[in-house]
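Take a look at the following structure, please.
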Amino acid sequence: MVRELHARRSGREILLALAAVCIASVAGAQTAPVSAGPPDPQLIEDLVAANRILADQGLLDGWGHVSVRHNRDSNRFLMARGVAAQLVTAKDILEFDLDSRPVDTHGLPMSALFTERYIHGEIYKMRPDVVAVVHTHAPSLIPFGVTKVPLKPMYHRSAFISFGIPVFEIRDRAGMTDMLIRNPTLGHDLTEVLGSHPAALMRGHGAVVTGPSLPRVVGRTIFLALNATLQMGGPITYMDDEEARKIEAREGHGLARTWEGWKRKVMTKQ
Amino acid sequence: MVRELHARRSGREILLALAAVCIASVAGAQTAPVSAGPPDPQLIEDLVAANRILADQGLLDGWGHVSVRHNRDSNRFLMARGVAAQLVTAKDILEFDLDSRPVDTHGLPMSALFTERYIHGEIYKMRPDVVAVVHTHAPSLIPFGVTKVPLKPMYHRSAFISFGIPVFEIRDRAGMTDMLIRNPTLGHDLTEVLGSHPAALMRGHGAVVTGPSLPRVVGRTIFLALNATLQMGGPITYMDDEEARKIEAREGHGLARTWEGWKRKVMTKQ
Amino acid sequence: MVRELHARRSGREILLALAAVCIASVAGAQTAPVSAGPPDPQLIEDLVAANRILADQGLLDGWGHVSVRHNRDSNRFLMARGVAAQLVTAKDILEFDLDSRPVDTHGLPMSALFTERYIHGEIYKMRPDVVAVVHTHAPSLIPFGVTKVPLKPMYHRSAFISFGIPVFEIRDRAGMTDMLIRNPTLGHDLTEVLGSHPAALMRGHGAVVTGPSLPRVVGRTIFLALNATLQMGGPITYMDDEEARKIEAREGHGLARTWEGWKRKVMTKQ
Amino acid sequence: MVRELHARRSGREILLALAAVCIASVAGAQTAPVSAGPPDPQLIEDLVAANRILADQGLLDGWGHVSVRHNRDSNRFLMARGVAAQLVTAKDILEFDLDSRPVDTHGLPMSALFTERYIHGEIYKMRPDVVAVVHTHAPSLIPFGVTKVPLKPMYHRSAFISFGIPVFEIRDRAGMTDMLIRNPTLGHDLTEVLGSHPAALMRGHGAVVTGPSLPRVVGRTIFLALNATLQMGGPITYMDDEEARKIEAREGHGLARTWEGWKRKVMTKQ
């Protein structure tokens, strides 16, 4: 915001702008939050790619979404308006504050935003370590939200499962609902169950996955879903927690390579 | 029909046309029914898209079909002539009355129509709430038509399964047949088993799915088939009926988004 | 052959030609059989399409093949030289006699032909009703060749399974081999096990499928493989044999539609 | 190297070059090994194709790699720099000695190479019969690395499984690690477990597959993964070891056909 003020010309204009901010602050939820300024174009490109990669892998469609924290302000995040993931372009990306209020809807009605945007705002609010969030309805994850069989790491690529994947049961918090995270309170409830884990399943609904970057959260979503398809009922030698910690600690340029492959495929397609 | 008459020039021609209509009416099944007039072009486009989306998802091929009620007359419905779903274009769409008789076959023999068109006519006749119908041979549904394991909702997207998916056993009605719905009587029998449910399985054959719009019936077909692939034998926490009702009551713009994504893919492909 | 003789000009030439045929006949396997003349171009196009459709569906690759009886002579059949199914073009199609000897290899060595061509010749020899043959390694069929669980019809599209799908155990006939049908004797053994059934599984190897036309044999191969993926261990209501007979008796234009859809996809692709 | 020396002009230059080689030799690991000269362009093309075919089949992504022994020197092998397999081009191919040291990184830092290149060097060192190596994370192989169910040959195409597929448990050799083959010692340990077998599974990680050529190792990787998806718990008639030996002994032009099909698809795609 300081940057924005500096761009203005006179002291009088600065005072007026400060006053506007105060008024906006008092007005609370009724007023749009102030923008943190234009995000890094590379971040926008990666967010577009993340949408299309997850659609290409069958993990997002017109439901489910991916967001990333704003590079200029950790109190803002970026996410597409309500649009099918495979169709997202840079101009669909909107900025939100941590109460999941859009900075500027570009004239769209609120109904044109994702209803469940509160998942993202509440996680960013309570988890300063999280830079990117995916909410997915990945089919292979659904059975693990509705049985007593826990997800466990089968596989080098899904080592993070070793850190625990809790299951969110919305009935424990809100009784009978339409199962959507329709408000900040439900987003907060979900984030409490998520705790410090990398991901949480949502019973009969899907999952939320977090990560320290867009490639990491996309990779985790892909391998969480893949691990679910591979997990069998028989006696399995799961990965040791210590192995998992060592793998996660060194997660590095290998993912960047894979990201380039995934990205090339979806960004040249249409 | 009024529109057609007005387009004619003299009173004498009008009388002759009225006479023709009377004669057609008396002639009954032997005579083609009268058209309700040209349908909304958007409805035709969506019907073409519905065919191709379901083909793209592996849920229709040269067998199986999707129809929609005519926007000008609830006693008419629209469906492609007998053609593989992925090849359907606007000029393949024909109009039928609720006895499943074509208004105009454009010179095609009756054998060029789908044999099982009676499924559609009979459902539209007995279910005024239904606007669109799919008949599918979706592979994942087949096992649930031939075992005692009922389909149950695993998943937010398939909440409508909670309303019940009966199984139609053609042998109970007609003994040994080639299993096709070859006449209005079999269509009526199937509709009786369907009752007020959103869909019915057909033993050893496929399923019929209904909905209040083309996007709804396409979405239901996709998620009915997906739910079947996810349903396991173990102890599962199925969705509560009340949750399902709440989800269905609010089914809204999310589907419209997904529809746009599905549609873009198939309409730009060829 | 009569047709060929008539095309020649003088009695002396006819005598010489007859002599040549006699010599060829005496020379036996060492001499190429005489051609039945150019096949119907539509049949060639359909044979190319059949190769590519089965490749597109994952049912043929560089192993496995599809053939059709020559339209001019029931003692000849047509099949591609040894080439991956998705790459087959009209100029790869060769003519064979029922001893599976090529009429003209166009200069190719015999090693450039499919080793297992004897499957086709021997079936055409013993089964006059068969017009087209597929030999596939379809993955989903493999388990049913190596367990005691029989293939049974789940499904309207796979009604022909009701007529029985025997399993060929090559060890019963030839002991330890490399499992390939490398000569007419093994082709004959396989055909004896096939008997009058529409298809036979080959233990640890694949299957052979027959039909009265190319679209029928391609459809049967696709739905045989699909039925295998759907068949479960639980108590299943299989199709009644009488239903199956009725379905098969009426198999008609529905397949033609599907064939057009399959064909468009593969013939415009490359 | 002789070729390189001959290309120089004077005796004095040759002496200087020889001296350089001696110094390089003394300097050991700190100095890049000498090139065996430019590989056969066809080998490079096939290595590029092998990368893309395995990516196309879902068996390689940004992790996992394929290498081939240099055609001029059995003490050198060729492998891509660290890049997603579907994006590999000829200019990404680097030359390595059997200590897995690159001859020339073309200015890339060592971190731009695959960390696990030691898998390849150590196998080539201990297995003179091996011409090509794949390291894959193929999903279907993962369960067989973590249960007591052994991989067994279901299928003509996977006859080589009959020769035994041992499982490498990295904890038996190195305790808790990040599970990667990060140095020659771990590569040596893995090769000891591999022994004379065609492939070895790596618990919770993937597999290594060897072969006498690029098409053979690619085919083995594809059919090893396919066999895993087909293998069921029930009583199965596995292939006899003698059958497997006979099949492997005759493995021939059939694979070449399939290779052309696979190659056409990936080499014309981008």
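For reference, chains read A, B, C and D in written order, and residue numbers begin at 1 within each chain.
As a convention for this text, a contact is a pair of C-beta atoms (placed from the backbone, for glycine too) under 8 Å apart; a residue touches a chain by one contact, two chains touch by 3 or more.
Nothing here was measured: the structure is a model prediction, and the numbers come from that model.
S.K.: Taking each chain's centre as the mean of its C-alpha atoms, give the chain farthest from chain D.
M.R.: Relative to chain D, the chain with the farthest C-alpha centre is B.
S.K.: In terms of residue numbering, is the interface formed by chain B and chain C classified as same (over half shared) or different (under half shared)?
M.R.: Chain B vs chain C: different; shared/all numbers falls short of half.
S.K.: When the centre of a chain is set as the mean of its C-alpha atoms, what distance in Å lies between chain A and chain D?
M.R.: Computed from C-alpha means, the inter-chain centre distance equals 37 Å.
S.K.: Roughly how far is chain A from chain C, going centre to centre by Cα mean, in whole Å?
M.R.: Centres of chain A and chain C (C-alpha means) sit 53 Å apart.
S.K.: What are the residue numbers in chain C that touch two or more other chains?
M.R.: Counting only residues that touch two or more other chains, chain C contributes none.
S.K.: Viewed as a graph of touching chains, is the assembly arranged as a line, ring, star, complete set, or other?
M.R.: ring
S.K.: Quick one: which chain pairs are touching?
M.R.: Listed by label, chains in contact pair as A-B, A-D, B-C, C-D.
S.K.: Name, in rising order, each residue of chain B that touches chain C in their complex.
M.R.: 55, 61-63, 82-87, 111-112, 115, 137, 139-140, 142-143, 146-149, 171, 176-180, 203-206
S.K.: Quick check on the complex: what are the chain C residues that touch chain B?
M.R.: Against chain B, the touching part of chain C is residues 153-157, 226, 229-230, 232, 234-240, 242-243, 246-247, 249-250, 253-262, 264-265.
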